[in-house]
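Residue numbering begins at 1 within each chain, and the chains themselves are lettered A, B, C and D in the order written.
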């Protein structure tokens, strides 16, 4: 990755994980991606989306913001029925991928291979970890970003950046000790602009959010709240 | 499923599993699906394709033959990052799914739940098994079809229907004992029309094929050879 | 297995699964096994125990009742660090093994291989399943016994034989249809003699119990209650 | 851990992994442990053994050298049928455990929990990793020792310390950068005293060996060769 990309990763980034929610499946995935893109454009904040595998192609065809896969398997192309290669999500239009989300943990050698496979095809990698110590461990695999998400707060609406700021500070410190060039996202329970502001203040470079946006009756409102907090911070 | 669908399942069926091969990824998936459709149309044989998750939407948009997912996870829609629900492959245009392929085996309760999830959204289910005994075990989950594929022959070019006809006969007998309405596919090593003819003669209702078609320099030729064997048999 | 063993399997059997409870670890495993043996001897009811791997040797050295492993991996002896072969539990003195407990589900081909490995070294096999349909599926692997245990009732104290007698009756019917010689245990929530009596009345050949005995302050009392119910039934 | 233990860990250590080999199962496990102890005593080199779960109790009862489990599951004591808790291997007499061997890889959060569980009951932890980068990642979980074992050399008789010395040097450097107090073992293909000497010279604190000893017709001879190399180095 060249210096410009590095710089752009330090620019605050808001990534919306669509998970396997019905509210973000098929046509609704495209709609939600468009709404996300609109709010990003209006507020000037860098945003991205991580739809389900089957929706990557259509989402990528309809928006210009970064599209991430939610996972890739640690496999090369080949005889791997039902698996997801870096090549296949890239061919569908993804420019990045989550790896090792707490709902899709990998064995350790698989994390390393998945990051290598992603890098080979030019995907931006966001490797997730649930504790400060594991955040540093995955940073050693040299992904572009690490996302710290304590699983016990995911989906609770109680934001990690307010409920447990120490874990975020500790993660930032540990990650930078092993790899100062890693960008850091923070997630779990983020539901208001204040949560986002608090996360950035703790030294992170952005937010990984899911239910707070996807399950909201007014996703644009929530996203605007988040993006305005990013601008307030910057 | 109504009687007419049942009847159509008994009609010989040739399903091409694209696996994670580069030769069947992205645009090449659409091309190969079109070739498959063409040969099916010209020979009057019922054919289908099972592309990778990311390619289902585009393949389904470009062909009218049945499109299968290669796998679904035993999950409902929800907070399951990186997993594949029956709903998501259906929304992308798949009308069926493989389950429990030997390259993507499931735990036993997952097979039952995956079949139920698929049925709920109207997907045709093909559950795979590697031995005659396991073929009967998965037939008890009441999928539409069972595919018997001894893993030791997959990708070898030595066809199960010729190398080990007894396992196929035994599977047919055991499956029909527990569930006479199950259609039966047979796979592993199928590479010539003679292999296909032999499989049908052993009492199966069709073929599950992958490398024999996908890795061939002339997939149409192979497919035509297969489909002509089906016609010769019928 | 000869006819006499078959007969003895039809004799009601009460198997105590020690799980990984502290109350049944190390010396406490030996004590609990002795108590189980005593109650069995006093009441004339056939009882067995399934301690943790590390306790099999000592338990088998101190009691004469059947000792089961809680699980075996589907591996032959060899380079499988951290795995458990049929040979190793047999060498330690186990005469049987649970397979596919809902807390340790296997992939389908592994169930078949594990049963074969166990049979090869002479271990009695009890394959578990959580639904009536899966009970029949695992019966096709031809274990000595099938244990039907709906996972949603395990550890609740609400006995399957009273809360959901239909699932037990249905399992018995389906198992006997595919393999009439399979003995059938029933478990989940069993905590009183009445629960045991109800289970036998539904056509099962015995009980698989864990927390109801292990977590009780007076395991002998519970076991005596269970065994007296067996005698009342016989 | 106090300073004295730390010191003793820096003393070269030779750990024999019994894997699931028949040659090291049951009574043969006790015999091989005794032979290992004898050679250690005669040469004054610190040695240990890692037998299968079922053999831990008997091995620990017959030798005084450290006895390791080959794996523990990341579970507390409780309703975990077929799993192995730190408490159970400790109760059987183990004083340490391997974690994340390449034949028994764990998901990343499991490694952290397994190390914590082991530490809580006083087990010495040896966490394995297959690459230099992953060695540093597991060192962040703060185990007592890290074992670097490239899986592609395991069981080959081609020693990592001679075939690929760079990976060992690199691992030592990376591990010490994140945690200077971690002791380092090295394994894979070790079969002669020269291999052992080379490993120590690369900066490791000892050897993890399996087939080189277990499958040898004369394990004492091999062990004496290894231990003499340790003395020559010290």
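Criterion: a contact is a pair of C-beta atoms (placed from the backbone, for glycine too) under 8 Å apart; a residue touches a chain by one contact, two chains touch by 3 or more.
Keep in mind that what you see is a predicted model, and the values were worked out from it rather than measured.
Chemist: Using the contact definition given at the top, which chains are in touch with both chain C and chain D?
Modeler: none
Chemist: Which one of the chains is farthest from chain A, going by Cα centres?
Modeler: C
Chemist: How far is the middle of chain A from the middle of chain B, if each middle is the mean of its Cα atoms, in Å?
Modeler: 35
Chemist: Express in whole angstrom the distance between the two chain centres, defined as the mean CA positions of chain B and chain D.
Modeler: Chain centroid spacing, chain B to chain D, equals 45 Å.
Chemist: Please set out, as single numbers or ranges, the residues of chain B touching at least two other chains.
Modeler: 102
Chemist: Answer with line, ring, star, complete or other to describe the graph linking chains that touch.
Modeler: Looks like a ring, each chain touching just two neighbours.
Chemist: Over in the complex, which chain B residues touch chain C? Could you list them?
Modeler: 100, 102, 105-112, 129-131, 133-134, 136-138, 140-142, 151, 174, 178
Chemist: Give the list of chain A residues in touch with chain B in this complex.
Modeler: Touching chain B from chain A are residues 17, 19-22, 25-27, 52-58, 69-71, 75, 77-85, 87-89, 91-92, 94, 98, 101-104, 154-155, 210-211.
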